Each structure stands twice: as C-alpha cells, then as structure tokens.
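After this come two complexes, each holding subunit A, first together with subunit B and then together with subunit C.
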Partner chain A sequence: MKPWHAALLSLLLLAGCKRETRQARLDPAVAEAMDSVATLPIGINGRPPPVLLAMGEPYRSNAYQLSQGKRLYAWFNCQGCHTDGGGGSAPALMDGWWRYGPDAVSIFLSIRDGRPNGMPAFRERLTTEQIWQLTGYLQSLGATSSTAATPGRNDSMQTRPGENRVPSMSRLPSPHEGGP
Partner chain B sequence: MSEALEQRDLRDTALDEVLLESRLARTWHTPPGWVGFFTTVDHKRIAVRYIVTAFAFLLLGGVLALLMRLQLSRPEAGLIGPDLYNQIFTVHGSTMMFLFAVPVMEAVGVLLVPLMLGTRNIAFPRLNAFSYWIYLAGGLVLWVAFVLDVGPDVGWFAYVPLSGPQYSAGKRADIWAQMITFTEIAALAIAVEIVVTVLKQRAPGMSLDRIPLFVWAMFVTSFVVILAMPAVVVASTALILDRLVGTHFFNPAEGGDALLWQHLFWFFGHPEVYIIFLPAVGMISSILPTFVRRPIFGYLPLVLALIGTGILAFGLWVHHMFTTGLPRVGESFFTASSMAIAVPSGVQIFCWLATIWLGRPVWRVPFLYILAFFFTFVLGGLTGVMVASVPLDTQVHDTYFVVAHFHYVLVGGAVFPLLAAVTYWFSKMTGRMMSERLGRWSVALLFIGFNFTFFPMHILGLQGMPRRIYTYQADLPWGGMNLFVSLCSLALAAGFLLFVWNALRSARAGEAAGDNPWGAATLEWATSSPPPPYNFTRIPVVRSANPLWDDGGALPVASGLSVNRRELLITTTAEARPEARETSPRDSAWPFWAAIATTIMLVCSIFTPWAVVWGSIPVAVTLVGWFWPRGTPEDDS
Partner chain C sequence: MKRASRLLPLLLAGCSGWQSALDPRGPSAQDLHGLFWLFTITCTVIWLAVMLVLLAALLRRPPATKGAAEAAGRRSARVVGGAVAATVLVVAGLTFASYLATRAISSDQPEALVIRLRGYQWWWEVTYPHEQPDQTLLTANEIHIPTGRPVRIELAAADVIHSFWVPNLTGKQDMIPGRSNSLVFTAEKPGTYRAQCAEFCGLQHAHMALHVVAEPPEAFERWRTAQLAEAPAPEDAEEEEGRRVLESKACAACHTVRGTEAAGNLGPDLTHVASRRFIAAGMLPTTRGSLAAWVADPQSIKPGNNMPMVSLTADELQAVSAYLTRLR
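Moving on to the complex of A and B:
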C-alpha cells in the first residue's frame, strides 16, 4: 500500500465520525417520531423513541444541540424558578437529585407534560425537537464529569464556572452534606 | 592530494572549477529519497514544496468558490444548506488568505531572495524546513476538519461574539483559531529568515541601492509580518482562552470588550493585505525591466513607496470598522489615511508606466500578466478609494460591492503578478520553460474570466445583495446577473486549470532553459537552471544594480570560502563588504519532528488546556535535538 493510499483511507475513516453535524430543519416524519416515548402510567421513566438512538443521540452528544438547549433555557425563563440550575422556588437541576428520575425520558416528560406543584407543561410552546434539546442541556447541567461536547459560557455575568470548564460537581453530596 | 581534499578547512582558492563543483556538490547535496525529503534544508527544495502546496490549496479554495457560485446561480437553489454554506465561505476565505496568498508569497521569497542576493542558503535553514511542516499541518487541520463537518463557520475574520463561546458551540471556531496559530508560526519563521538573509548575506558589493526590488519588497514585507502577526497571535489566543478556559477577554458583562477583537484582528488583517501585495509589486518591479529591455525607472521612489506602504499599512485598519459606530474624528482620520495609501501605490504605477514608456516591450506571457495586473488592480484601487469614504462604505458595507473590491485587489494585485512570477522564474524551479502558447491562452481566459466574474458583483452590491447569503428569493432582481457571474466563473476556473496543466506538463517536457533564458539582469540568472544545491560555484561580486547587463558576460567573484563545510559569506549591512565566514546548518530531521510535536500540542489543546503543559515536553525534546551542539568548534573569521 502506498503512503497516500493509507492517508486517503484514514481520511475516509475519519469522515465517518462526524460529531458536529447541524440540521437546520428536521424531516417531519423524524420530528413526529421523536414524540413517541413509551412510558409508565405514572409518567416516570420509560423507553426513549427509537429514532433518537438511530440518530446517535445528538441531543446529548452534539455541542450545537446542547447550546440550543441552553438558549431555550433562557428564552423560556427556566431561570425564573430554577435560577441558573441551583434551584430557587423550584428544585435545583445541577445537584444530581431528580425528583422524577435522572433519565432523559423522565426529564422530557417533565418539560412536555408538566409536573404537580407548579411545573407548567411546554407541549404547546416548544416543538418536540426543542424539548429534547432542553432535556440534553439539563442532563449536562448535572453532569459529574466533563465531556468534549458542551455549550460554552454566556457573554454575561457568570454565576458559576462555564459548562465547558468543570462539571458542576465531582460527586453526589451525601445526606449529611445537604443531599436529600 | 586526496588527503588535502579531506582537510577540514580546504578553501575554494585551492581548487580548479571542475573539482570545486564536485566538492561543493558533495558538501551541499541532500541525500535522495525519503530521508532527503524529510531532512533537507535547501531553500530551493523547501520553496518549491511550499509553492506546490500553496497552489494545491488555491485549487481547493477555488473548488469551494465554484460550489458557492453553483448555489447562487439561481434563486432558492437547494444544493447547499445554510450550515454547509457558512463552512464553505469560511474555509474558502481562510484557505485563500492563510494557506495560499501569504505562504505562496513568502515561498517565492524563500526561493529567490538567496539567489538574488548571491548566497548559498537562506539564514536559519532548519527554521525554514520547520516552517513548511508547520504550514502543511495547519492546512491539514483546517481541511480535515472541513471534511469532518467541523469546518469553521464564522467567516475568515471570525468576529466575536459570533465566534465566541456563546454563539459558536462545538470545536469549529477553535479549529479556525488554531489554524491561525499554525500559519502565524510559519509566516513569522520565514519573515525572520528573510530579514537576516537580506541584512547579512548579500553578495559583496551589493550595497543597499543595488538590492533587487523584489528583495526590497520581501524585506519590507517581512517587517510587516513581524509587526502585524503579534496582534493576531494575541487575538486568536484570547479567543481560544475565552472558549476553552472560560476567560472574559471579549465578554462585555465581565469587563471584556467585543470590539477589541475587531481592533486586534484588523491591526493584523489590514497589513495582511500588504503582506500579500508588497511581494507582488516587488515581482513586477523585478520582472518588468526584462520585458522592456531597460533598467527600472525610479529605483529610489519605488523603494520609498514600498517602505511607505509598509508603514502606512499600520495606520488604516479601522476602515474595516466604519459601521461599528466610531467617533467622527476617528472616521475622518482613517478615511484620510486610507486614501493616502493611494499615493505610494500611484508612485509605483507611474514608475512602471515610465519604464514601459521608455523601453521596448517584448510581449511575452509574464509581461501580459503584468498588463492584466495594471487594468485589474487600478480598478480595485479605485473602488478602494470609494469604500475608504465613510458615507459610501456605510452603504455598501457587507455587500457584494466589497466582495468585488477585494477580489479585484487581491486577484488583480497579487495573483496576476504571482502567475507572472511563476512563469518567469519557472526555469529556476524546474530547469524548463512553460509553454508560451498555453500561457497566452491562460492569460486571456483569466483576464476575461476574472473581469466578467467580478465586475458584475459591484452592481449586485449596489443593488443591495449582501455577502455571505446562501440563497435569495426569486422576486429580488439579482437572478440574471448571478447566473452570468456563475457562468463566467467557469472561464476563470478554466484559466487556472490551464495554467496548472501548463506548469505540470512543462515541468516534465518543457523546452530546456539555459542559465538566463529571458536575458535578465539580476543574480539568480547568473547560475544554472535549476541552480545547484550550493547556488553559486563562487560568490559573485556586484558592481551595479543590474549586474548581468552592466558587467557583460563575466561577473567578478569572491573566493576564500571553505568547500568541505557548508559555509556562507557574511557581509556588512549597508555597504555589503565581506565581514566573516559563517557555517550554515547541515540537513536534519529534527525540524520535522519538532513540527510534529508542535502539531500534536496545538491540536490537543483544542480539547483540553492541559495539552499545552504535557505537549510542551515533546516539543522541548525535539528542540533539544535540533540545537544539540556539534562536536566541531565554530570557526568564523
């Protein structure tokens, strides 16, 4: 094998790992399929839509999707109750404790359908894709280890280290440290 | 006798011509094959490699331009989506500016400056080899990322906040900023080499007023590079720190400043235009006398114009920022300085016109390129004076008028002279001549194709078509002219293809060139085509600005250099009186390894700042190998 054959081959292999693909507009069928979560009647936990797996879970691993989620977090005033993730009149989102479970489907359902005691339903206000973007961002908020795919810090006053720098915590707090 | 031949300090005075040439060839030659490929420090081999790589990037960038023209040829075309289009115009601009225009000009300088000065190699030849590998790595970083859909999408000047952490998620803008770092290192390395070569390695007798104008141009350009690049080093480093470490250089809420980016970038970015343009005018000043058969008119004003342009280049960066809301005094000052740059440009144009006027033109291909340059560049200069005025600039800012303007200046002002230079000095790279017939066809195609492609863009811009849009609606009145532009861009592309084909064909089967096929006057024509690894058997002595014309057939030579070591003649800065003998470094693979280590460090630093800490260890190791002292003592005298 000549050297440039090897170079060409490795380029082609590299081309297989496209991590930053951005699609401006989803195929309508895909967009619709993303809403089909199989869930328990209590609205906690369930199976994510198969189409999400087929797409390679972009809402968790693609920096652009995560930053879209972050933007939606500001646009839809999640800060109003959850502040920047530390919690206010609503629970914290970055301490690793989730009232309705830490998995993507539970968070998705919390946003889409709302929860008792004040969490409104955003079904009518956000598209399914946007809810998944927001879900992915919220999961990255509570992360305990850093990843290469994160949204960057905002051009604003900083209340905590930028998402791309450190995880919000290194481990879950134990009950006598303030964890539930 | 053979014992005497091996003696370390054997001088060329002791040998006859034939023996001297064989000894010099043994001392200066590069081993053939892969070993030689990675270890050579011969400025000619590195320069040719640099030029070939830069032209490869020109073709890649050209393909991107054609893709954009295809997408814009009709309204609401669905060929390329907005995201890919953003990447395409960014990679097109970055490739053309950072991977083609600047490197190719510096590469021609690396090839010609030592030959024109009558020395045996460039100063710091290992740094020269390092520069090429770093440049190649930077180009690969950008293009591999583009193939992976991680190509930067923020425009070639990457304004914050768009390129900042909030609005450019992912690694795309980091790739751009690190690619800048690679090209900064490569360009700074060459600039330092050229400054030292020009100041200290000129042939005896080549006082400041006998330096060929191309060398003067490269000399001024190198100073512009050295003074301008630090600004973009600061800017791109601050951008990376903002994005990766979480600093706040460009975050106004935390005391940073978004406009700071534009100032830093254009304090580099405007001189960048002259980094591309000054070598081009140097090429013209050096080529033109050969084709009008008389010395250049106005050597002194031309040198002063080069220096004046180099200084003024730093006083007009703000004219890129007229629409950011400047104080009135600032606007007026930078309008005045922008218009003032027309003065040294005008001086040069009139000197060249006078040279042609007083001479007897020979209508060969390089001269035709120069005529194409005159027409195109003057048009671009005129629109430059137009956009230097604030009210007009406010109207046409970010429209196709500006696109037309800078393509006229860059293609007309730099690419046409570059093609003239490649045609003219082709024999010094390959030993052969390019085909005259194909050359005439490509001049015609390029000239007509270029003007028909870019002139209508002025009108499109005045009609309000913004730059960097990926499509436009059918009811806007731009469709017809865009189709015309797209069709004409095919002629332009055909001209470039013909040029490349001509070059490839002529490199193998062209007519063999003698030492001085054009009957030119400067020192590079005093040696064979292509020159031997040691450039000159004996160092020529210069007694006028046009040595080959004024000294008849035989140049006087200086002797006394060692033949068993690579040795150069060092001369004084102003008068070029012989001062010392200096050894020139031998071949080495360390520059290549140092470039690999630097590349690994820079690429990994996109993912974690710790890469700078750990990555600096292999860099340090390779540098230690590079600078490891030789066993033999330095013996300069």
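Moving on to the complex of A and C:
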C-alpha cells in the first residue's frame, strides 16, 4: 500500500466519525405545522404533515428521536395497558396488526385524540413533537424489516426481542393460518 | 514578575467561596483539606530535593583519582540507600494519613438526619423521609440541613451514574443506578454551599448543580414545616389563570404542585419552586423572568433536557409565570 493510499483511506474512515445530529429544540412554527394532519373523516389514515417529509422523517430514522419515544412509552405508562408491546388490556403493538391502520398518521391520531373503548387522548399531556416521537417508536415496535436506527437498549431484562433485533417475527401468520 | 505578584491574590481568591475544597466548613472537609495540604507540601519538598540532587549530579566534576572514584561510589550508594528508605517511610506515612482521614469521614452516625437524593439527567430529587408518610417531604435541587448535626445522604440514580460533591462540606460519592451509597457529613457554619455533579452524565452534566443550605436547627425546622404545607393559593385573577393553565396543559403530566390537580411524578416537584434559590438545577436564579424564560423555551437554555417546549400563548405564559412566582 502506498502512503497516499493509506492517507486516502484514513480520510475515508474519518468521514465515518460524523455523529448523528440530535435536534433538541424544535422551531415553534415547525412544531405547530407538525400538528396539522389531513385525515379521512373517520379519523384513520391520511397525509402526514409535509414538514415531516421536508425534515427527512426524523421520528422514523433518527436514533435519538426513537430513544425519546421509548422513554415516553415508559414515562406515560403505555405498558400499563399495552405491556411491552405484547398487548394486555389493550391491543398488542408488535404483531403487525393495527386496528386503525399501520401508517404514522393513524398512530399519531390514536395517541393525540384517543380511540373508543379506553385509549385516552394525550393532546393536553404531550407536545406534538413528543407524540411524533412516540409514533416513530411504535412503528419501530411493529416493524417487519430492520432499519439502521434503533433506540437504546433496556437496562432491565427484555420481555421481547430488542428493537435492534427487528424484525421480531420473520413472517406474520395470515388469518387462514391461525393468525389474528 | 510584578504582574505575577499582582495576579497571585486573584488566584488565591478563587480558592475560597461557596464551591471550594480549600474553604472547609465541616469536619469531613477539614480532614480532606488537611490531607490535601499534607500531600501537596510533602510532594513539593520531595520534588525540590530531587531537583537539587539532579542539579548537583549534573554539575559534579568526574573524580580525578582512583581513590576518589571509590569514595564517590560509596557515597552515592549511601545516598541511594537513604533515598529508598525515605521513599518507603514517606509512602507508608502518607498511606496511614490517608487511612486515618478516610476512616474519620466514613464513620456512621446513628442519630444523623437522613436525606435521600436521587440523580436524574439533569436534576436532583430530594426526599426527607419520616415514619409518618404525611410528614415525608419531597423537593428538588436544593437541600437544607441543620448546622451541628450529622446528615446522612442516601444516594441513588435513576438513569446513569451521577456523583454528589459539596467541596466545602465533604468529598465525592457516586450515585449509581441499582446500588445505594451513602455519605455522612456535618456542616458547622451556616451558609449556602454549591454542589456539583462530579461524574460525567451527559450533555448537560456541567449544568447539574445542587445547593446545600446549612442553617441553625430552628430555621431548618421552620423551613421543613413551610415546605410540608400545600402550595399557596393564587391571590389574584392572573395567578388563578396560571394555576388553571398549569393544571390543564402538559405541565401537570410531569410536575406535582401539591394542593392542585397537577400530580405528575416525572419532573421536579414544583409545590414551593419559588422558595428555592435557583431553577433548572442551578442554572438560573429564581425570578419571574427566568421562570417565564424557562417555560417558554427550555431547550435553548439547557439543550437536551427532558422538559419539552409546551406551546402556550403569551397571556398563558404570563399567567403561569405569575403563579409559579407565588409558589413560595
């Protein structure tokens, strides 16, 4: 290997040291724009706020944002009903079946506005940004293909495969095969 | 040189104050202070002696005759032997002094006042336990202790490793998740001392401070009784509106104000927030302006902390800051 090859290689390696950006502060105008989702009248499915796309969907792909979602999941006692994603008195969140649709907008609306039969509305308990962080984390729970970004590991024992082991199932059983 | 002599008093002035191990205000800190000077002076003397011997060796002329060379060899053997013996003695002496000081500061005191301290990223939860649950006091970021009475701080951490250090009163002790440590110390003189998290714990580690207020026992009991009371009632329409906003917005999801509907347990207890000297773990002095600035934009003041920016109108912000200022 010639010296200049080595120099070039180390330059390339240095490029790998770039850290993922953590955006702690959201511009208030952006936060407000993130709240305006266009949805169907029945409250499921819809167009995500354009500002999310413009930001590069950080709540799906940024490890910091996913970790914040995981923290909020514990802090706001989501596991009280949904347990660690396996479902309890509320539906499971990791089996790939979503009552109100698997898309981000439906999940966002479920958290923000609540759903019949017990899901409370968190509109006045969480900020819009926090609801999007939770939404991104929930989508990673039910993901069937792995992504580059995952939240931090649990400190305690895992009751299910870690988020960094997604997909938690290789294939979903269809209803004909005894699936849900 | 003249400039240096003018700078020296300035440098020494940095060694006293509300966060300095060189300004001890309690027996534990006194022991550590003695140990510090013992080590510093001993090591300085040894360093000077070694430098002198080195200088002598450099300037020495080679011996002229064979007899003189033999005499020099015997002399240097004696010098080396003496130095080895001195090293053994000094190391043993310092070890013993260190053992004595450590034993003195780690003695348990059964009649000590117990305070539980729990570190979070990046603030401190303070509990004064009592056998009667309604006398148990929960507060944050500021501890009050009576002078002349030993205090046992039971240390824990909620997320990552932190470390509790009040240089004026005692040495450091780590706060480790899943493990309980404790630290006993006494404050002899009344005063406000600053404590600092002494274990790197993330982005805002430098902004994780705690204030220790040592006061005479009667003043401490008065403080304790006042803190146990519920939050003061709003006194005008603006403060009333502030309480309504605090109860109905996201504030109540994380914070507790005893006597209102706000009962979250994720952030610091705000029942008497305005009675504390600083907010946000030692970042800003408690004034209406800094309370409003903190609520309006916590991520600009302390980026990465867990308090989100809650969208409030200007009137709501005014009202909340008025109500928080009432919470004395």
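We take it that the second predicted complex is superposed on the first by the 157 of 180 C-alpha atoms of A that agree within 3 Å, B and C clash if a C-alpha of one lies under 4 Å from a C-alpha of the other, contacts with A are read in each partner's own complex, and residues count from 1 in each chain.
The working rule: contacts are C-beta pairs under 8 Å (C-beta built on N, C-alpha and C of every residue); 3 or more make two chains touch, one makes a residue touch a chain.
Quick caveat: nothing in here was measured; it's all calculated off a predicted structure.
K.L.:
Evaluate whether subunit B and subunit C can sit on subunit A together after superposition, giving fit or clash.
P.N.:
Here subunit B and subunit C cannot both sit on subunit A without a clash.
K.L.:
Just subunit B (first), just subunit C (second), both, or neither: which does A:Leu66 touch?
P.N.:
first
K.L.:
Of the partners subunit B and subunit C, which touch A:Ala31 in the superposed model: first, second, both, neither?
P.N.:
second
K.L.:
State whether A:Phe76 touches subunit B only (first), subunit C only (second), both chains, or neither.
P.N.:
Touch partner of A:Phe76: subunit C, not subunit B.
K.L.:
Would you check which partner chain A:Thr127 touches, where first means subunit B only, second means subunit C only, and both and neither mean what they say?
P.N.:
second
K.L.:
Go through the superposed model and pick first if A:Pro151 touches only subunit B, second if only subunit C, both, or neither.
P.N.:
First partner only.
K.L.:
Output check: A:Leu109 vs subunit B and subunit C. Expected answer is one of first, second, both, neither. What do you get?
P.N.:
neither
K.L.:
In the overlaid three-chain picture, which partner chain does A:Met94 touch, first (subunit B) or second (subunit C), both, or neither?
P.N.:
The answer is neither, since A:Met94 touches no partner chain.
K.L.:
Of subunit B and subunit C, which one contacts the greater number of residues in subunit A?
P.N.:
B
K.L.:
Give one of first, second, both or neither to describe whether A:Arg22 is in contact with subunit B, with subunit C, with both, or with none.
P.N.:
It touches subunit B and subunit C both.
K.L.:
Based on the superposition described at the top, state which of 150-158, 168-176, 186-194 or 312-320 belonging to subunit C clashes with subunit B.
P.N.:
Residues of subunit C that clash with subunit B lie in 168-176.
K.L.:
Could you pull out which residues of subunit A sit against subunit B in one structure and against subunit C in the other?
P.N.:
Correct list for subunit A: 22, 24, 155.
K.L.:
Quick one: which bits of subunit A touch subunit C in the complex? Just the residue numbers, please.
P.N.:
Touching subunit C from subunit A are residues 22, 24-26, 28, 31-32, 71, 75-76, 124-130, 155.
K.L.:
Would you mind writing out the residues of subunit A in touch with subunit B in their complex?
P.N.:
11, 14-15, 17-24, 62-64, 66-67, 148-149, 151-158, 161-162, 164-165
K.L.:
Of all residues in subunit C, which touch subunit A in the complex?
P.N.:
177, 248-250, 252-254, 266, 297, 299-300, 303-306, 308-311
K.L.:
Of all residues in subunit B, which touch subunit A in the complex?
P.N.:
That would be residues 81-83, 144, 147-150, 161, 164-166, 168-172, 243-246, 248, 250-254, 258, 607 of subunit B.
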